[in-house]
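Quick heads-up: structures coming right below.
There are two complexes below, and they share chain A, which is joined by chain B in the first and by chain C in the second.
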Partner chain A sequence: MNGIRKYLGLILALFVVLAMAAWPMIDGKDITREVVFTMLLSVALASSLNILLGYTGYVSFGHVVFFGLGGYVGFYLMAVQDWSLWSAMLAGGLASAVLAFLLGKAILRLRGGYFALATIGINEAVRAFINNFDLFGGPVGMSLNFQVYQNYGGGAREALWMSFYVLIALTLLTVTLSYFVRSSKFGLGLLAIREDEDAAEVMGVIAPNAKTWAYVLSAVFPGILGVLFFFKNGNIEPAPAFRLHLSIEMIVMVMLGGQGTVLGPILGGAGYQRLRGFLLTNPLFKNIQLAVAGVLLLVIVLFVPAGVVGWVRQRFPKLRRVLQ
Partner chain B sequence: MDFLFASIVDGLLLGFVYGIAAMGLTLIWGVMNVINLAHGPIIALGMFGVYLIFTMLGLNPYIGIVLVAVLGLLLGMLIYYVAVHRVINAPHLSTLLATFSINMIIIGLGTAVFSASPRNVDFSLGSITLGPITLLGSRVVAAIASMLITGGLYAFLYKTRQGRYIRAVANNRDAAELMGVPSTQILALSFGLGTMLAAVAGALIATFFPFTILAGGVYELKSFVIGVLGGLGNPVGALFGGLILGVLEGIIPTFMPTTWVPVLEFVLFVLILLVRPQGIFGAKK
Partner chain C sequence: MMILQVEGIGKVFGGLQALSDVTFDLPKGQILGLIGPNGAGKTTLFNVINGVYPPNGGRVVFNGEDVTNSKTYHMAHRGLARTHQIVRPLNELSVRENVVVGACFGREGHGLGPAGEIADEVLEFVGLAARSDQLAESLNVGQKKRLEMARALAARPHLLLLDEVLAGLNPSEISGMVEIVHKIRDRDVTIIMIEHVMRAVMNVSDRMIVLDYGQQIAEGTPEEIANDPKVIEAYLGDPKLAERLMRDSDEA
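So, the complex of A and B:
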């Protein structure tokens, strides 16, 4: 009984993800699966970013670089070197982790706005480089041979369902990672860095190492997810892979749900995508969906900076045990 | 050799306009430590402002620019009071997201009204030939206008009471308040000036390049690069940074494919942030 109580926050978070995942399995429609695919992808990306943004307090504006780079490395291995999806995903995650490790040592020295600017610069530099990199297809990118999908369940439709199941597993893993980082001693060190980096160092947190590892952990899953996303997509190009806008959307999701909480990015990612889908299909808001989303973001930033989960935690302290 | 010289001159002329755009960004950063992520859409609004004034009212684009400047100033002050003032003392994330939400609102409304199709201001000033090089009249005028604007900004910051207030607030807001400087108005004015510079830069660019409502994004990124080159918070550094970037963009394509220009720009940007975050010329505050 005590064990369950201890992990109540994790169980609730995983339950929310599973409830979303169950929806297309119950109604069996392709369209529902696509909707939930986007939601789960956002949940996983936002939860990854949250490790750096929410726990450590470093604003990465170019986090999509890990999604794009992992995607590119994995896609190259699948399309040109005939690797399987599984080994390509591992390689993509590894590539992102290595990039984060190398970058982390250098740019995590910068604080506040300077760090945010550097991450934008890195994303743009990598995108411009890939645009010129002939091995990865330059500006036209690469495509998968349609035959590839036959190895994953028999046809394109089966491969899409399989991608969906893989995404569920990856999302559950990301959320679990996010939970254990937060509840570990390492995570406590990160929270201390967020509150006051100099004080944290005085208290014995080795900030440069802790920050670098937080950066690496927040980069691994975006890399793996990039491979899965572009595998399902069938082709990869520089512009969609390194879309700065996606980076910022990830931040919005984390903020919406509540930065620094485990449940926040889950609700934020899913809620943001639901809202976006609603605005895009609603005849009244169809043309101005971006502007409506902007107004909403402004209202949240100005009046509910702690996000939904953060606000509930402040208002109802008793729920803090469950809403982590 | 003539070709190289012509590219450098062309790059320099363009660099002045880049400098003005970056000055807007860096002024806001210098005074209130806010990175204005609505910078790009405001540049695009400047482009559309001059386009609308030219096509609808039939006014000379250079008169249009003056109107755009006034509207830019007012828009900036409005943005400050609506979006920035409440979070001015909050962590960086809040101001970044607040200005980004303005970015989304402008782009969202802009694409709904203007669609994403390209426009251009069909107005030519001919060209000037000086020995081996030929210069587009509109670029020469844009460069001269940029110099005048820089001079005007300096005169304003150093010779007027409002300008002195701005510098005082940039230096130490609390102390300035204690001395009776109305800091909220001054912050709004600074944000307005930064927006005005962005809008004017957009208007100048519109006189020689075609554009869409999304065109500002490129110049926003360039402004980041230039701002960091010259030292964030240093307007004159921004002008020099703009010239450096303009010349680089002129020279690099003569020996490398043009598509490598952004790679080098952003690598340079990250390196400067790492090695000398105060910029080549150092931030003067």
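So, the complex of A and C:
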């Protein structure tokens, strides 16, 4: 009983993810599966970004670079080197982690807006590099041979369902990672850095190391997810792999749900994708859906900077144990 | 046994000589009072000792180890803790979490569980136990000063640097804080305190150092300091203060 109480926050978070995941399994429709696939992908990306943005307080505007780079590395290994999806996902995650580690050493000494600007620059630089990198197909990108999908359940439809199940597992893992970072000593150090980096260092937090590891942890799953996404997609090109506005949407998701909480990015990611789905199919909004995201971000920053979960936690302190 | 040896420390900011040739030894278990007019370099000296700024010359030896140019977090691990003149609470964390940070990342580097126990004990000690679960930002100034103290103590330091912990407190808060300082000394923690509240610092200190324009102009017992003509001269820009200094030491 005590154990359950201790992990109530994690259990609730995983339950919300599973409830979303169960929806297409119950109604069995391909279209529902696609909708929920986008939602879960957003949840996992937002939860990853939250480790850096919410816990450590560093705004990364170019986080999509890890999604794109991981996707490219994994895709190359699958399409050209005939690796399996599983080893490609591992390699993609590893590539993103290594990039984050090297970048962390270089740019995490920058604070505030300077760090945010540097991350945008890095995303654009990597995209420009890939655009001219012949091994990865340059501007044309790469495609998977359709035969590949036969190894994953038989036909294309089975492979799509399998991708969905893999995504569920990855999302649950990401949320679990986010929870354990949040409730660990390492996580407490990150929160201290977020609140006052100099004071944290005076108290003994080795900020340069802690920040670098937070960056690495926030980059691993986006790299793995990139491989899965482009595997399901069947081809990869520089523009969709390094879409800067996906980075911004990730920030909106984290802010909407509540930065620095475990549950926030889950609700924010799912909620934002539902909203986006509605806007894209609405004739009035379909061309200005990104503008709506921008207005949403503005409203959150101005009026509810703590996000939905943060706001509820402030209003109802008794719920803090559950809403982590 | 000297816990801290400061040898010929100098620090320059642009054209300003903030510290020049500051030298002193601090034996274990003493309370050293550091006084001087505003802008004398007191906080800068703290910042050099705990690694915020590298000095332009000289050496800092802590527990027999040369720590000149060490990072602040390495100093914390070696057993140096400090409070800030302008309080720096971790606002969005609870009071207890603030103190747990000190215990987790300080000298003893505890895990979350034991750190929590230390935090509860230290919060009791400084009289903030009732506010454990409040957010740090909701405390008033006096409580924030005590929180700074609690965070520093939770690290179980060998040497504690107190930067104006009495400033901005009302008289009853001051006597409460002075009592805490006495209790800390009884725990074998060496203390350097910067203070403008003369009566308090004269009462508490075993020895005092006076800085003026970055120069160390006097060193000695509180009685010697209060009667030192150079010290009185340094405070003459504010004659009332010099007068008060004399009066306070007579009463003490």
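One rule holds for everything that comes next: the second predicted complex is superposed on the first by the 319 of 324 C-alpha atoms of A that agree within 3 Å, B and C clash if a C-alpha of one lies under 4 Å from a C-alpha of the other, contacts with A are read in each partner's own complex, and residues count from 1 in each chain.
In this text, a residue touches a chain if its C-beta (ideal position, glycine included) is under 8 Å from a C-beta of that chain, and two chains touch if they have at least 3 such contacts.
All figures in this text were calculated on a predicted structure; none of them were measured in a lab.
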| item | value |
| --- | --- |
| Touched partner set for A:Leu275, first chain B, second chain C, both or neither | neither |
| Contacts of A:Leu191 with chain B and chain C, given as first, second, both or neither | second |
| Partner chain(s) touched by A:Glu201 [first = chain B, second = chain C, both, neither] | second |
| Between chain B and chain C, more extensive residue contact with chain A | B |
| Partner chain(s) touched by A:Val292 [first = chain B, second = chain C, both, neither] | first |
| Chain B versus chain C as contact partner of A:Leu117, first or second or both or neither | first |
| Which of chain B and chain C A:Met162 touches, first, second, both or neither | neither |
| Touching partner for A:Ile107 - first (chain B), second (chain C), both, neither | first |
| Partner chain(s) touched by A:Ile251 [first = chain B, second = chain C, both, neither] | first |
| Chain B contact footprint on chain A (complex, rising order) | 53, 57, 59, 61, 106-107, 109-110, 112-114, 116-118, 120-122, 124-125, 128-129, 131-132, 139, 248, 251-252, 255, 259, 287-295, 297-298, 301-302, 305 |
| Touch list for chain B against partner chain A, complex | 29, 33, 35, 82-83, 86-87, 90-94, 96-98, 100-105, 107-109, 111-112, 221, 224-225, 228, 257, 259-260, 262-263, 265-267, 269-270, 273-274, 277 |
| In the complex, chain A residues that touch chain C | 184-185, 188-189, 191-192, 194-196, 198-207, 260 |
| Residues of chain C touching chain A in the complex | 50, 52, 71-73, 76-77, 81-82, 84, 88-93, 97, 100-102, 104-107, 109, 111-112, 115, 151, 155 |
